[in-house]
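Shared chain: subunit A. Partners: subunit B in the first complex, subunit C in the second.
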Partner chain A sequence: MIYEPAPLLSVKNLTIRFPGSGKRKDNEVLSRLSFDIRDGEIFGIVGESGSGKTITALAIAGLLPDAAKIISGEIIFRGNNLLSLPPKKRRALLGKEIGLIFQEPLSSLNPLMTIGRHLMEYLTSHGNPESPRERLKARKSRILKMLAHVGFHNPDRIYRAFPHQLSGGQRQRALIAGELLLNPSLLIADEPSSSLDSVTQTQILDQLRRVSQSFGISVLFISHDLKLVERMCDRLAVLHNRKIVECDSTYEVLHSPGHPHTAALLRSASLQIRDENAARPAPPVDAVPLLRIDSLNAGYSSSILQTGTEEKEVLKDVSLRILPGEILGLIGTSGCGKTTLARVVTGLLPGTSGQIFENERLVVDFSKRGRLKKTSVGLVFQDPYNSLNPYLTIGRLLEEPLKVNHLFEKKERRDRVLQMMTRVGLPKKYYDYYPSQLSGGQRQRVALAMSLMLSPSLIVADEAVSSLDVTVQSQILKLIWEINQKSGISFLLITHDLKVVRSVCDRVAIMDSGRIIEAGRVGDVFRTPTNPVTRMLIQ
Partner chain B sequence: MNYFLKRTIQLICTLITVSIITFCAFYVIPGDPARVILGPDASDEQMDNLREDLGLNRSFPVRYFRWVSGALTGDLGKSLTFRQPVSELLGQKLPVTLSLAAMALLITMLISFPLGILASGRPGKFLDQLLSVLGNIFFSFPPFVLALLMTLLLGLTLKLFVAGEYISFTESVPGFLASLFFPALAVAVPKIAISQKFLRASILAEKNKEYVRAAKSRGLSDTKAMVLHIIPNSLVPIITVFTIIASEILGGSLVVEMVFNIPGISRLLITAINVRDFPLTQGIVLYLAGMTVIVYFLADILHSLVDPRIRLK
Partner chain C sequence: MRNIIRYHRHSPYLIVGSFFVGIVLFAVLISFFYLPHDPYATGIATKLIAPEFEHPFGCDHEGRDVLSRVILGTRPTVLISLSGILIALVLGLIIGSIAGRVGGLIDNLLMLLSDSIMAFPGILLALVFVAVIGRGMLSIILGLGIVFAPSYARIVRSGIRQLNNREYILLARLIGVKTPRLLVVHLFPGLLPQLLPALVVGIANMALAEAALSYLGQGVQIPLPSLGNMLMEGQSYITSAPWTVIFPSLFLVMYVLGLYFISEGIRIKYGSGGTEK
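Moving on to the complex of A and B:
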């Protein structure tokens, strides 16, 4: 018999419900969940949004929302059932034995406090120092050392910085440093890299792996991304519909999935959408471009008396051609100017110089203080939760583009809206629904339908699938692909995700610090990147 | 530092605009100061002489610059009815109004902050509901009813103060402060009602933010998370609420000054308007407008001190 040490954490039969009131039924969010985390391992939980991943993390930490009720189960940590510990003892474990890293580092930081004060809280909330002044110095040097340990070259600056002065990756790394201060034995990382771009994401995940090894910390890694989980985790549990459907070594789960849902997840994750045989022939590269952007400069400025940002050039000499009927991917790290380009192309932001041609006809010359007027370009935003007015029904939202342009009679407009809903795969009954009654994927369908209402020849989709989980992501990309194939509408697909580009795009342009550094057919660019930055992005 | 410089330039520009508008307003409204001074029986010649003396027959820009350069040196002209320099009259009334305002503001903060925090503790429960109802009641009371009720109840029945007695600060400073307390309370009550509600809403909004959960994940107790994270963040929007309240209170409250017999700026303003005392009215209006602008300026500075996102970019 092989001796197996007791696991660090074991969750047994955990069931959590949000009790309903009156007519509303109880909402079960976790159902008889059981899994173990061993000492020093990285254990992954994958699942779609709403499958109960975050609730699991919060339950272990004891930070469940007040409304949640634990119906049954045990959470055994180092031999103690956490659920029967008094709150004070449980709190004492947080930060000291169990650390948490959340998805969005900016919103997990108090905007009014420096990073140093945040990290100080890890030390001060566990036991009071006897001589505060002496200890303050010691504590500070401990924090600075840890900041240096996670790779900051100038820990002093980070210590004094406020959250908004750092980049997303820096914030997340600073928070990891904080978690390590008291050397916990379990680190719960809830989608720790989902809000970061691919380069930063890699850095953060490497960091996590390294600290797990060098400090011997077990990590509970929660993600919706199978690729990341494969890279990170020793063992893996797949969460589906509030239950664990599969739990085994990562290799085993991903290479011989034992549950149909895992197989489906794997299929969506690979994002195989393009069907090269059925695809329309891509337009020749020397075709007359649908939209040609010529040496465009753009930025944000402020008048002397307005406080805030100084004049800032974001786009530098950008030239780009979008061919009729193609899907052009635009990738780059966050803050490189992708969104600014989208805003200029759709006329939301004037450029400072440069020209835009539509079918080789000059539509705007920014050098002559021109402004882009109504164009045939639609726009889909990243966040389907914030881009739809919550007070309008889906029908009203879709009708609006026609209404403000005084197109068609009332009845005709209604017919067109219903047709469009069918086209993007929304059931007709949603006509009278409000955005809050729809899921993220359905909302993004509404946003896409909205941009299609005025029959544009080009749609700019700014990170339109990045906030969706894999299954929904592949559905929306499929829809984009179908619309492109059926009606020949061009898409400018802005993303930080290479998979998305591979899945549907004909050509790809790479942006770095406001410049287009490379552009070409997806296969060519990915196979033989010429620019070092492209190479780094692709790795 | 750049931020403060920009704000200061903005402040100066606003003050200049305010002074122009104030002056223009009195330039265009009907009524002839010369006629007010000399009465209906004066001859045209007398009127012309007086206009010459007062500089009323000069062009608009000349009169404006005279007035502004006077104002900058503290000379706002002479009151037509009191035959006293306007600055002297303001000097007598302003300390009273300012003390009353400061006291009312202090009372508002001292009472509304704890109430707001208390109400947000268990939203929807008895205490929260009670405070909400009381807030609605006190907010909807017309000020004069409140002032009269206080005089009747606290003054005449409970004898907590002598109704209508006012002690000036030259007589006795404690007496002065004591005689301002109940008037200040009357001014503060509706403000407490509203700021308590704002603070409650602000705390509840902050409470559910992710950084609070993150703070608890570091091992902070609920109380510590409240004191160190939630309250400081929820006070940021409250600065705006208090800016509005402060600029309102600093304008003086006519009703309270009347009921409690306090010689403040509001009563002076009413008198000045009634008798068409242009220099005096102009001076008071300039004070009111200038005070509002300065309060908003201070609020901006306070905002930037509290919130590093405004200061550092």
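Moving on to the complex of A and C:
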């Protein structure tokens, strides 16, 4: 008989509900969930948004919202059932033994406290048993050592820095260091890298894995991204519709999925959207460009940002061609100027110098204080929660572009709106709905429809799929591809996600600190990148 | 009606507030159709008589029926507070929109102006205003409207500045929405959660200011009764005939307190500052 050690954490039959009031029915968020986490392993939970991932993490950490009721089940950690422990004891156990890392590091940090003080807090608040009377100096040196351990080259500077002085990746690493100071045996990481760009993401995850190995810490890794989970995790549970549909070693789950939902998740994760047989031939590279941007400079004047006295130059000598009927991907790390470029192209922000040509006809010369006409290019933003006016119905939102430009009669406008809704795959009944009644993916469809209403020849999509989970992401990308194929509208797809570029784009341009460093067909650029930054991005 | 009550049953503030304000508004309404006695009819026989069946609220020092005068006196209070707030709102929306959308020097100047108005006590400014352009209902309304406008201008300006960079406003500009429409259709609804409670409180403050002005003799002119000038007339008899003061104050308090309750109810129910997600 093989000796099987007791798991570090085991969740048995956990059911959690949000009780409804009055007519509203109970909302079950987890249904009879069971899984084990063994000592020293990295256990992954994947699922779409709303499948119950975060609630699971919160339940283990004892941080469930007040409204949530645990109906049945137990969470056994080192032989103690956490759910039946008195709150005080549970907190003492959890604080020391279980660490938590959240998605958005900035909101976990107090902007008025230095990183050093944050980390000191970890040590003092959970009264470290190994060193009850550890003096300040000793504590500080422990913190510095830990900061060095999570990959900071100059821990001294980080110790004194305030959260806003660090990048997202640095903040996340500082938080990991803080959790490690307590020597936990389980680290819960809820989408720890989802808000970071791909390069930083890799660093953080490598760090997490290295830490897990060198300290022998188990990690509960929660993500919607199968690629990451595959790289990180030893074992894996797939959460779908509040239930675990599959739980096995990562290799098993990903290579021979036993549940149709896992297979579907895998399909959408690889974003196989282009149907090469059905695709129209890509426009020749030497075609007359739909839009040609010539040595564009742009930035924000200091009066808006109020930092320093000089203008902040964001775009430096950017030249870019967008061909008719193509989907051009624009990738780069966060803060490299992608969004600024989108704003200049759409006319929201005037450039400081440079020219823009449409079909080789000069439309604006920024050097001569020219301004771009606003309605010619469509724009879709990243976050559909922010880009739709919450006080207008979907019908009115879509009618607005026609109305303000005095196009068509009232009845005709309504017909066109309904047609457009069908075109982007929205049921007609949503005409009278408000954005708050729609899901993220549906809202993004509305945003896309809104940008299409004035039949532009180019639509700029600024991270339009980044905030959506994989399944919805692939649906929206598919929609973009179909629109492009059917009506020949060009897209400028701004993203930090290489998968997105691979899945739909004809050509790709790579941007780094305000400059376009490389551009070309997707296959060529990805196969033989010439610029070191590109090479780093692609790896 | 029953549905309304059921809908609001979790917000006692709204129910109690609406009840109080409802009584006052009802008094205004019936003042147009029926008054128990002639509010101007004086009489030696009824001078300062205590409340009785014929005169439920008693009579004042000139023998006039207090109930009839209170009912009639709610009219100027409600009229002035509502139309005054309308003027304050319109001015606030205009000034706040210009400051919020244009920004820069104009913004600074407008805010400097509104700060300097807000630096003085409102009543004092209103008194000066009435003294300069003369007494009368219209000048009270105008004066109070101007005095109250800066606080709304501030709310509107800061709300607009917050919303200016919201993506849906950028998109609206992008599809070619012109500034007036941008303000009315796209920006103003987003201000409501902050503006509405402030407006309701503003009505109450306006009613108080009107009462204070009338009390000081600069507001609604005798013999036309208003809740404020009834207090002024009654104060000499407050020990011997307290009903001449109690009943007008009761109505004033109901109106003001009711409005405060409603404002608080709105704030709790819809949350201030938050857009629904």
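Everything that follows uses one rule, which is that the second predicted complex is superposed on the first by the 521 of 539 C-alpha atoms of A that agree within 3 Å, B and C clash if a C-alpha of one lies under 4 Å from a C-alpha of the other, contacts with A are read in each partner's own complex, and residues count from 1 in each chain.
One rule holds for everything that comes next: a residue touches a chain if its C-beta (ideal position, glycine included) is under 8 Å from a C-beta of that chain, and two chains touch if they have at least 3 such contacts.
All figures in this text were calculated on a predicted structure; none of them were measured in a lab.
> Which of the two partners, first being subunit B and second being subunit C, lies in contact with A:L454: first, second, both, or neither?
In the superposed model, A:L454 contacts subunit C only, not subunit B.
> Figure out whether A:A61 sits in contact with subunit B (first) or subunit C (second), or with both, or with neither.
In the superposition, A:A61 contacts subunit B only.
> Looking at the overlay, does A:E121 come into contact with subunit B only (first), subunit C only (second), both, or neither?
The answer is first: A:E121 touches subunit B but not subunit C.
> Could you say whether A:S108 touches subunit B, subunit C, both of them, or neither, answering first, second, both or neither?
Touch status of A:S108: first partner only.
> A:Q437 in the overlay: touching subunit B, subunit C, both, or neither? Say first, second, both or neither.
neither
> Report for A:Y385: first if it touches subunit B alone, second if subunit C alone, otherwise both or neither.
After superposition on chain A, A:Y385 lies in contact with subunit C alone.
> Considering only touches as defined above, state whether A:E400 meets subunit B (first), subunit C (second), both or neither.
second
> On subunit A, which partner touches more residues: subunit B or subunit C?
B
> Looking at A:T530 after the superposition, I want to know if it touches subunit B, subunit C, both of them or none. Which is it: first, second, both, neither?
The answer is neither, since A:T530 touches no partner chain.
> Between subunit B (first) and subunit C (second), which, if any, makes contact with A:L94: first, second, both or neither?
first
> Quick one: in the complex, what on subunit C touches subunit A?
104, 166-168, 170-178, 181, 185-186, 189-190, 275-277
> Please give the residue numbers of subunit A that touch subunit C in the complex, ascending.
Touch residues, subunit A against subunit C: 303, 346-348, 374-375, 377, 379, 381, 383, 385-392, 400-401, 404-405, 436, 447, 450, 453-454.
> If we count contacts the way the header does, which residues on subunit A are in touch with subunit B in the complex?
Residues in contact with subunit B: 61, 63, 91-96, 99-100, 102, 104, 107-113, 118, 121-122, 125-126, 162, 164-165, 175, 178, 304-305, 307-309.
> Using the touch rule from the top, collect the residues of subunit B that touch subunit A in their complex.
3, 6-7, 9-10, 13, 209-211, 213-221, 224, 228-229, 232-233, 236, 306-310, 312-313
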